[in-house]
Amino acid sequence: MIRSQEMLINMGPQHPSTHGVLRLILRTDGEFVYDVDPCIGYLHRSLEKIAENLTYPQFIPITDRLDYLAAINCNFVYCHAVERLMGIEVPLRAQYIRVIACELNRIASHLIMFGTTGMDTGAFTPFLYAIRERERINDLLEELTGARLTYNYIRIGGVAHDLPDGWKEKCLEFINYFRPKIKEYNDLLSYNVIFMKRLGGVGVLTKEDAINYGVTGPNLRATGFKWDLRKNMPYSSYDKFDFEVPVGTGEGGKLGDAFDRYMLRIKEMMESSKIIEQALLSLPEGEIMAKVPRVLKVKEGEVYFGAENPRGETGFYIKSNGGTKPERVKIRGASFSNIHVLKKVLQGVLIQDLVAILGSFDIILPESDR
Amino acid sequence: MKAIKEIGWAIKTLVIGLLVTVKYWFKPGSEITVQYPDERLTPAPRFRGILFNDVERCTGCGICKMTCPIECIEVESYGKGKARRPIHYAIKIDQCMFCGLCVESCPEGCLIHTDRYEGSVYDLKDLYYQFVTEEQKKRFMELADKGIPVKEETK
Amino acid sequence: MERLIVKAFVKLGLGSPPEWAVLLIIGLIAGIILLVVILTYEGIATYIERKVAGDIQVRYGPNRVGPYGILQFVADGLKLFFKEDIIHSQADRLLFRVAPYIVFTGSFVGLAAIPFSAEWYAGRLNVGVLFILATTSLVVAGLAMAGWAQANKWGLLGGMRSVAQIVSYEVAVGIALLVPVVHIGSLDLQSAVLYQKKGWGILGWNIFHDPFTLIAFFIYFTAAIAECNRTPFDLPEGESELVAGYFTEYTGFRFAFFFMAEYGDMFVVSALATCLFLGGWHIPFIEGLIKLPILHNILGSIVFIAKVMVLILIMMWVRWTYPRLRIDQLMALNWKRLIPIGLLMLLLASLWDLIFDGKGFFELIGIIK
Amino acid sequence: MSGEEIHRILKEKFGEKIGELKDGAQPSIEIDKEIIRELAKFLKEDSRFLFDHLVYITATDERTKIKVIWCLFSYTCKHYLVLKADLDRSNPEVDSISDIFATAEWHERETYDFFGINFKGHPDLRRILLPDDWEGYPLRKDYTPPEFYHGIDNRYKR
């Protein structure tokens, strides 16, 4: 009697397609994966312990390292949480600049997702095209903030620098250059029959499971649930721009499958470019920084603020006892729950599907390991 | 019939995909890579490169030391009040994360970012940037004893 | 050729050589010439592949070693030659060592039956097509051995996948090749090329013979890409999921053997396609004017190599455009699509021959006699 | 629904186990740790609340006691609710709600990892971010990092 023996494969922390130091212990029978046990913690730097020993402004550059593909979004969530705790009113111009920077960073982060999903299914070229666009965004952000990856641009009460002159035209010119590129991506990869067959109907996540497992952001919207914090709980003048919230439509096969999650990012890039254009055209004059004392003493109290990061709802719970250093900072990483749901979604798939589904969830490890 | 239509759609998408790549294959000069050692990209004016402190204008106040999250700046000052001067100023550049908080907090504006980003060295000790030379140290101590404030001297 | 060897033996005073010794020497000489041809081709092919990849991906290909990076393949070869050859402890030593050689011979031996031009061919086997099909399936044994011998889970998976893929696509290749053979009437490649002589060297090609052979050509080309494990069928060495598939644990020159085998396979497969479908070494238009045999051979092989390189460029172009298929889609594509359509084309092509008794499309409408 | 109403309804249902309310953008209610399971089930299913999104579970070390914090959010009614419960420092224990909210499984493992709170009824309560054989609970105020870990020097060099 031929008895097939179970194989325990270690899709270890060092693997070409685990998007960082994630370790998946697979119980497989040949190609067929029975059970997955994700192990995280390889990138744990105890940011929450560091936060308790640093003053409020000093912790801002550390939040860059939370989700390094969308550093400005993480700066923004932290600074806005502290502003809500202290009740600081950010001037309108600073809010607009923050929206522009965050949306640029969102496009850069979604470009990486587009490139790596292509590479996970075997196509190398889309990644290079995505990096070509991302380089232009990096140049723009380098002129604005001074850095190319860990921007450290947003301060408590406003932003560090104003727009350099000529930056506005460069940014608008980038938007016009970028829009036809999205159609090119769709021709090259999205509607390619092999790609659609590889991602369609695979790794289906229902809306109930998504909410139950705390999945947020594009992965939640891919299940057909229209929930975007920028739209439903507007913050930092997002309600002044009109943009749609793309939702999973099941065009690749089933509703909530890997293709929906992928297409959602492509559509969101288009929406973000709309927001940037509107914000740039209606940029008000005024200062860029509220009156904030140099040595920040935050009054007693606690706050939780979660914003719509490219990967989901990243939130900060800050509890302060009135000193210059916070008593407790809890960082809710979006990828923490996105990895947790892998346990449920990756049951009974082929190894190749496992890689494609992992790519479509667009997880990032520093945000989940903190 | 459905199978024929599906094969037709499949071939159409495959061909469209090929057309996209062929466009870049035969488009001359579409390469965007910069041949690094020969050609160099000039960083933006606001680029946060390796730090430099113009010790002549520095008053040794130590604010940058306090704002640095990683505590990689060492300052020792000599003299009191307006005539205070740094006799030892060092930055452990291998620990520095170029966040720029110190440059923003420097009241004199003497601590600046250069646009140099190539910081590789052959010996780890070279990563310990010292800014005050022996000769400057002696001169600063004399000036501080005579009580000459920093501003007049550099005017 | 034989007279030369006999005279050489007599001069050396060994007496007239036995029959088999002469054949052996001829075989050796032909083998060495072909080996030199293949090795230079493989070097150039790796350089071209990286240049093509660079162009498509908006970046430069290799341009540091030698002018425009031409000597890059020499640098790679030397590097791999001097790299340490690691055979880790759990590996099955014998199989580990033998596998790359089997894989390389599998792809190299097929060249024996391919005619480069009128007189330049290693051997005129009357079972040419069958011979090449047999040798390329030797690669399967080599890959399975490599996959199993390195005692690495990823390698094992890669090895198993490659066995499944190549075995099933052999069937598709076999059927697709039968279609032109039906028109030509013999398995010998040289006679296949001679059959396509009419029509100034272009209109006589088999793919213009009738629409069914054209579709058979596309089926053959798809299945051939799968034979050489190239994207979109490069499951055995799927970098993104199997780390590196069947050559995960191979280092140094053994690793280079696998690559040489892959490019060798590509050459054999596209050479087969040019001989059977695209009219082999016929020089278009000026075929009749060349009287000097040496000139005719040289021009013929240049045309042949050009056609093969065009096919190889298409394979590279396809490689840098498409994602990878999943294992069940790969099998479904082969057994449910390629083979049924291939059989249908075979049936229709032979019906076409029956009705128009072997005349091609252009002959019917009278363009060529 | 505003903080007072939620507080009033819960007061009726659970009596004095519900502590005082601290209203604000996110109303927070002190509760007794025994009732957390039925409270969570009630808040999730009751038509007036429909708290279906468990944002996070964490804890803070108040030096005299450890305070566990659950933050719930409702997608339909768009309101937050923060529940807090006090546990004694020597042997912090509370019921696990990982079968009501699936996301709680990993959040509880992380809170156990950093504070040493034993969540009773948790499917596999082991450290999630730190290595399995790490001693001590880092986010407690009285935590001193170990000098060596498997021979790796961990001392803070000036």
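Lettered A, B, C and D in written order, each chain numbered from 1.
To be clear about the criterion, a contact is a pair of C-beta atoms (placed from the backbone, for glycine too) under 8 Å apart; a residue touches a chain by one contact, two chains touch by 3 or more.
Please read these numbers as outputs of a predicted model, since none were measured by experiment.
Asker: For the pairs B-C and A-B, output the one whose chains share more C-beta pairs in contact.
Answerer: Of B-C and A-B, more C-beta pairs in contact link A-B.
Asker: Going by CA means, which chain is nearest the middle of everything shown?
Answerer: Chain nearest the centroid of all protein C-alpha atoms: A.
Asker: How big is the gap, in whole Å, between where the Cα atoms of chain B centre and where those of chain C centre?
Answerer: Between these chains, centre-to-centre, one finds 54 Å.
Asker: Where the centres are mean C-alpha positions, what is the separation of chain C from chain D, in Å?
Answerer: 65
Asker: Taking the mean of the CA coordinates per chain, how far is chain A from chain B in Å?
Answerer: Whole-Å distance between the two chain centres: 26.
Asker: Could you state the distance in Å from the CA-based centre of chain A to that of chain C?
Answerer: Chain A and chain C have C-alpha centres separated by 46 Å.
Asker: For chain B, what residues touch not just one other chain but two or more?
Answerer: Those would be 14, 17, 20-21, 32.
Asker: Find every residue in chain C that makes contact with two or more other chains and list them.
Answerer: Residue numbers touching two or more other chains: 56-59, 320-322.
Asker: Using the contact rule from the top, write out all pairs of chains that touch.
Answerer: A-B, A-C, A-D, B-C
Asker: What does chain B use to touch chain A in their complex?
Answerer: 9-10, 13-14, 16-17, 19-21, 32, 43-48, 67-69, 97-101, 104-105, 113
Asker: Which residues, counting only chain B, touch chain C once they are in their complex?
Answerer: Where chain B meets chain C, its residues are 7, 14, 17-18, 20-22, 24-26, 30-33, 35.
Asker: Which of the residues in chain C end up touching chain B in this complex?
Answerer: 52, 54-60, 317-318, 320-322, 337
Asker: Where on chain A does chain B make contact in their complex?
Answerer: Touching chain B: residues 54, 57-62, 64, 125, 132, 135, 139, 142-147, 150, 152, 160-161, 164, 184, 187-189, 191-194, 196, 294 of chain A.
Asker: Per the contact definition, I'd like the list of chain A residues that touch chain D in the complex.
Answerer: 40-41, 44, 46, 48-49, 84, 209, 211-214, 216, 225, 227, 232-233, 302-304, 306, 313, 315, 317, 319, 327-328, 330, 332, 336-337, 340, 344, 369-370
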